[in-house]
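Look at the two complexes coming up: chain A is in both, with chain B in one and chain C in the other.
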Partner chain A sequence: MRKQAPLAAALLLPAALVVFGVVLWPAGRALVISFLDVDSPFPGAYPFVGLGNYADILTNPRFWAAAQHTLYFTVASTTLEVVLGLGLAHLLAAPMRFRWLFRAIVILPWALPTIVNGAMWRWILNAEYGALNALLTQLHLMDDYHSWLGADPFLALNMVVVADVWKNTSLVAFFLLAGLSAIPAELGEAARIDGAGSFRVFWRITLPLLRPTLAAVLVLRVIEAFKVFDIVYVMTGGGPASGTQTITFLTYLQAFSAQRFSYGAALAYLTVVAVLLLALIYLRLLRQQEMRAL
Partner chain B sequence: MRRTLGALTASALILAPFLWLVVSSVSGQTDLLEHPLHWWPEHVTLSRYQEIFTGREGVAAQFRAAMVNSLIVGAGTVVVSVSVGILGGYALARLTFPLRRMALMSFLVTYMLPPIVLIIPLYLLMARFGLLDTKLGLIIVYCSLATPFALWTMSTFFGSLPVELEEAARVDGCTRLGALVRVILPLARPGIVATVLFVFLLCWDEFLYALIFTSTSDAKTIPVAIAEFTGRNAVDFGLIAAGGVLAALPPVLLAVVLQRHLLAGLTAGSLK
Partner chain C sequence: MPELHLPRRALLAAAALLPLTAACDVGGSNSPDSGGEGSGEGKITALFMQQAGYSEADIRAMTTDFQAKYPKITVEPTFVAYEALHDKIVAAAPAGTYDVVLIDVIWPAEFGSKKIVTDVTGQFPAAWKTDMLGGALKTAEYQGKYYGVPWILDSKYLFYNTEILGKAGVDPTSLSTWDGVLAAAAKIKSANLVKHPLIWSWKQAEALICDYTQLLGAFGGKFLSDDFKSIAFDSGGGLEALKWMKKTIDDGLTNPNSMESLEEDVRKIFSEGSAAMALNWTYMFNAANDPAQSKVAGKVEVLPTPSASGGSPGVNGSMALCVSGGSKNQKAAWTYISYLTSAEVQNKYAKSSLPCWGKSYDDAAVVSVAPKMVAAAKKELASLISRPEVPRYNEISQILQAELQQALLGKKAPEKALADAATQAKSLL
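Then we have the complex of A and B:
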């Protein structure tokens, strides 16, 4: 028990090397780059501009528009995913025939690669040949074909939300299923004997006991949604009228299309700060709630 | 009854878009462009799948090359990050050493870092060492995503195994590493399987790094190939659909067959 440190060091060395080389070093380097003005991929002496890049970003309306889209996407998709996921988790937990089949079906969107999901929805929402237009006109819910992704920026953003919710509700549901199965069934039964209806049982027993799981999955989804890139890239390419550009998408454009590496690095660091803030605010809220419960 | 109805509705909403992708992949080009649209094609064709498997050039051949790249990159990343994760995860779970908590927290924090932060310096570095557009370069950057994850899940799995078994093995004369190999690893197999699966799926699904670090069929992965052809106008959508179905096949099959392992991995990796 005394001489464990050398062994621990030896076992952790490969991990430390990998993590240092491809995570910590680049993270530190990105911070340095964000204070310089690097405008080409070649090594060289680039001028130090201090917080200049950050000031540029914060005074640029494109950044604020992207921040708004990111925030809307994050709030809308995580809210829908948690609400729908809660319902789906209840269905998954319920005893029924062919439950294995139902679980296999629900796991499908989660397993579908994000890019395939985006390409699939782009095809379904196609303005001229898309299945959604065909379905809605054949059901006489709509007279003409509609451009879902190409005309109205806000509509396009909402369609991206739909595609994201279709894919990620599964993940949320399976998470919540794990949380649900940890709640002893006797609690609900006892409450029912005491005369509580299903809704009261859910509100007073299931939901409070599920809170740690809900919190975990919510934080996870908020952080993921905040970094959204691939589904936007493949569904709308940031358009129409830059209306679906998110912060990560803007970072990608600035760094790799415009080769403004420093500007991109500064943007990326603003994402890190936002993600950390979100996590902190959230943890704080959670702790306050726990205090009140005591 | 209400639950069955709910399950049926949910299944329909989940299956409909995916089935349309499958139907599109076997529909003749004229069927796909028809007004009003038929829900079942007049000409059913498997030609696109055949093209992807045997085509010598063009989009179909690029899809095939991209799939092979995805497989190689995924396998390489799994080997590196899971072995590193097993060793480090064991140390984090079982050994007492100074700064243990700090090491654990720093690995967790690196897991939370958005990839977009790392991508710019990594790109500049790769450009300098000629690693852009190589599978090796992609494996190296994928380790930045996979290693913190593998470490974290493996240490949770090791932590959930009873210490007594290992102690018994050591009383019987095993060294610590002997006990790790003979006792712990076999017991942790479900955890290792889940980690391998997750890391592989992570690589198979990853897009941002692959988009920036690859440019030709030498290293381009399947998500990049699909995104590229989706972005073009006047393209045979059936072919993208076929590529999409093929790209979805490995993860979907793995997920359905190994459901239980995956669910165990999900909860262990992120809840504790």
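Then we have the complex of A and C:
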């Protein structure tokens, strides 16, 4: 059996090289850069500043504003996605005609690239000729066209949340649909025979059994939402009044627009630490599920 | 299953050592080391923008003509949005992806000092320094050196809709001052001809700074002290300009959607007939008078930027073509740049962008393309105001964009917004 080890190593080598080349090496480089003061894209000798960039970031009000926006975006979008996703999963699990068609339609938003989704919502929300303004005024819900992305920083942030929720709810719904299908129907039937209503069945049987899936998808979405960049870039460019600037957007501005590569690397590492913590929670949840399955 | 015993400790140790190996790579000269003259032939790549100025079709046509004239050089042009241009140049610099790059007037300090673009002072013919207009020459100059060749000479002009002004009984000559513009806008609004007579590009982007610069200049303000050592936009003309901008919003004269608009949005809204007056680059004259893309074609006139207490300087919004620092074919790149920037080529495409050459403005063929545009340009280009020529301009601009918007959206008083911007920007000089 031992003889297979060299072959295994040889087979693993390409993957190991790729992981080293595109993950570990850049990650290591970025960590080093975050301790230097790199202000040009060219390789060269740059002064070592230790934790200076990190200290700079943590004392900069722009960072804390961006952190607030990121946190709000993450909490608001994932909460909405999970609540709506849960409802959608139930609908898709219900026996009905053309269920395959509905399922296919629901997955469409998720299949759109984020850039396309962002551009689409920017047009829908356009203050001069956007579809939302037209719809709301034609339904007489609003007297006049409204600026969704330019008038109020907090409103703009919420509109970015809406665009994200529209796209990602379907992913959450499909995760939960898989979870729902794994729950034996007999449990619900038995509970109903014992006199439990629909709400009670959902609360006492479905939800507890769905909890592992729910937790997994929640952590996954939180990690993704925390790294939000492209939809902000396309929809608002961080404005108005920096109200939609998230940590990753600030990272991009500092690293590329301002050529403060070290500052950008340090910002990126702060994001990495936060995401790593979330990932650890996710892995632990997965392990718990495996244990239960055994 | 055969078990592969991966030495976990060794792996961990390797991972820990990784940053050290990465550190070894950092060492050298902080500048491109791969650039070279080249043979003057072969393939070169060029990075352009897909916005105001020459259109993509113009540039492709120019390039085809160039290749016909210089058959040994082939050019591969790439086009990106203005908003992506700076970052693309920076990101591509170490690899030397582009031989020729188009840069904005605000970047020579940054790109020149970091050697992202090459110093071409030695190749820059003395005659060009007298034959090109002053505002154009400044485009690629930093501390007495030339880092490129001016190609797009532009500033923001006042465009107005003749039909709306006529109906309101506004005399266009009254638009020579910003007070006159306000009075005209108020008249148009009270006559209910359009809801918001003015539209601007006040999105949190460089476009906002361009409009602000022009107003700051009109009110006699300055960005920085004359020695570039301290901030000056937080008082005097700089403050007055911001207060004026805010007032036009409060009075309902400025379209509130200005705060999410770039130049292209301004063009579209103006071309829809939803605004009576707008500040924009040269290209809007042609575009807004084109029936294929405008509902107000034939009803658009242009004037030099209005004046206030400090005169009427236009914002210098010019752009230049540069040989990138990492280019391995700098000779061919220079040949291409010399061709595109020549008076002959620029005169031919004057309809899209006015030439950088002084003589062109007396050339009957150029003037006949757009007599009114040329007349306005001749006056405005004589006095241009620059945004700060400092290496960390982009950061200062980012700060200022955010604080200007705070004031325009009514989140902060103009005084407070500019004071906050000054505090943050001070350390970047």
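Throughout what follows, the second predicted complex is superposed on the first by the 277 of 294 C-alpha atoms of A that agree within 3 Å, B and C clash if a C-alpha of one lies under 4 Å from a C-alpha of the other, contacts with A are read in each partner's own complex, and residues count from 1 in each chain.
One rule holds for everything that comes next: contacts are C-beta pairs under 8 Å (C-beta built on N, C-alpha and C of every residue); 3 or more make two chains touch, one makes a residue touch a chain.
Note that the structure is predicted; figures quoted are calculated from it, not measured.
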Next on the checklist: Let me test your reading of the model: by the given contact rule, A:F154 touches which partner, first (chain B), second (chain C), both or neither?
Outcome noted: neither
Checklist entry - Touching A:A45 in the superposition: chain B (first), chain C (second), both, neither? => result second
Checklist entry - After superposition on the shared chain, which partner residues are touched by A:W64: those of chain B (first), chain C (second), both, or neither? => result neither
Next on the checklist: Contacts for A:S242 in the overlay, against chain B (first) and chain C (second): which applies, first, second, both or neither?
Outcome noted: second
Next on the checklist: After superposing on the shared chain, does chain C or chain B touch more chain A residues?
Outcome noted: B
Checklist entry - If you stack the two complexes on chain A, which partner ends up touching A:A8: first (chain B), second (chain C), both, or neither? => result both
Next on the checklist: For A:F256 in the superposed arrangement: first (chain B), second (chain C), both or neither?
Outcome noted: both
Item to check | chain B versus chain C as contact partner of A:L24, first or second or both or neither | outcome: both
Next on the checklist: Touch test for A:W203: chain B only (first), chain C only (second), both, or neither?
Outcome noted: neither
Item to check | Partner chain in contact with A:L108 - chain B first, chain C second, else both or neither | outcome: first
Item to check | Contacts on chain A seen with chain B and repeated with chain C across the two complexes | outcome: 1, 4-5, 8-9, 12, 24-25, 29, 33, 41-43, 237, 256
Checklist entry - Which chain A residues qualify as touching chain C in the complex? => result 1-2, 4-5, 8-9, 12, 24-25, 28-29, 31-33, 36, 39-46, 127-128, 147, 149-153, 236-242, 253, 256-260
Checklist entry - Can you name the residues of chain C that touch chain A in the complex? => result 2, 4-5, 15, 18-19, 21-23, 25-33, 83, 86-87, 90-91, 93-94, 110, 114-116, 203-205, 256-261, 265, 268-269, 272, 274, 392, 394-395, 398, 401-402, 405-406, 409, 411
Next on the checklist: For a test of understanding, state which residues of chain A touch chain B in their complex under the given definition.
Outcome noted: 1, 4-5, 7-9, 11-12, 14-16, 18-19, 22-27, 29-30, 33, 38, 41-43, 87-88, 91, 94, 96, 102-116, 118-124, 126, 129, 131, 134, 137-138, 166, 170-171, 174-175, 177-178, 213, 216, 220, 223, 226-227, 229-230, 233-234, 237, 248, 251-252, 255-256, 261, 264-265, 268-269, 271-272, 275, 279
Next on the checklist: Please output the residues of chain B touching chain A within their complex, sorted ascending.
Outcome noted: 3-4, 6-7, 10-11, 13-15, 17-18, 20-21, 24, 32-33, 36-37, 80-81, 83-85, 87-88, 90-92, 95-98, 100, 103, 107, 110, 112-125, 127-128, 140-141, 143-144, 147-148, 151, 176, 201, 204-205, 207-208, 211-212, 222-224, 226-227, 230-231, 237, 240-241, 244, 247-248, 251-252, 254-256, 259, 262-263, 266-267, 270-271
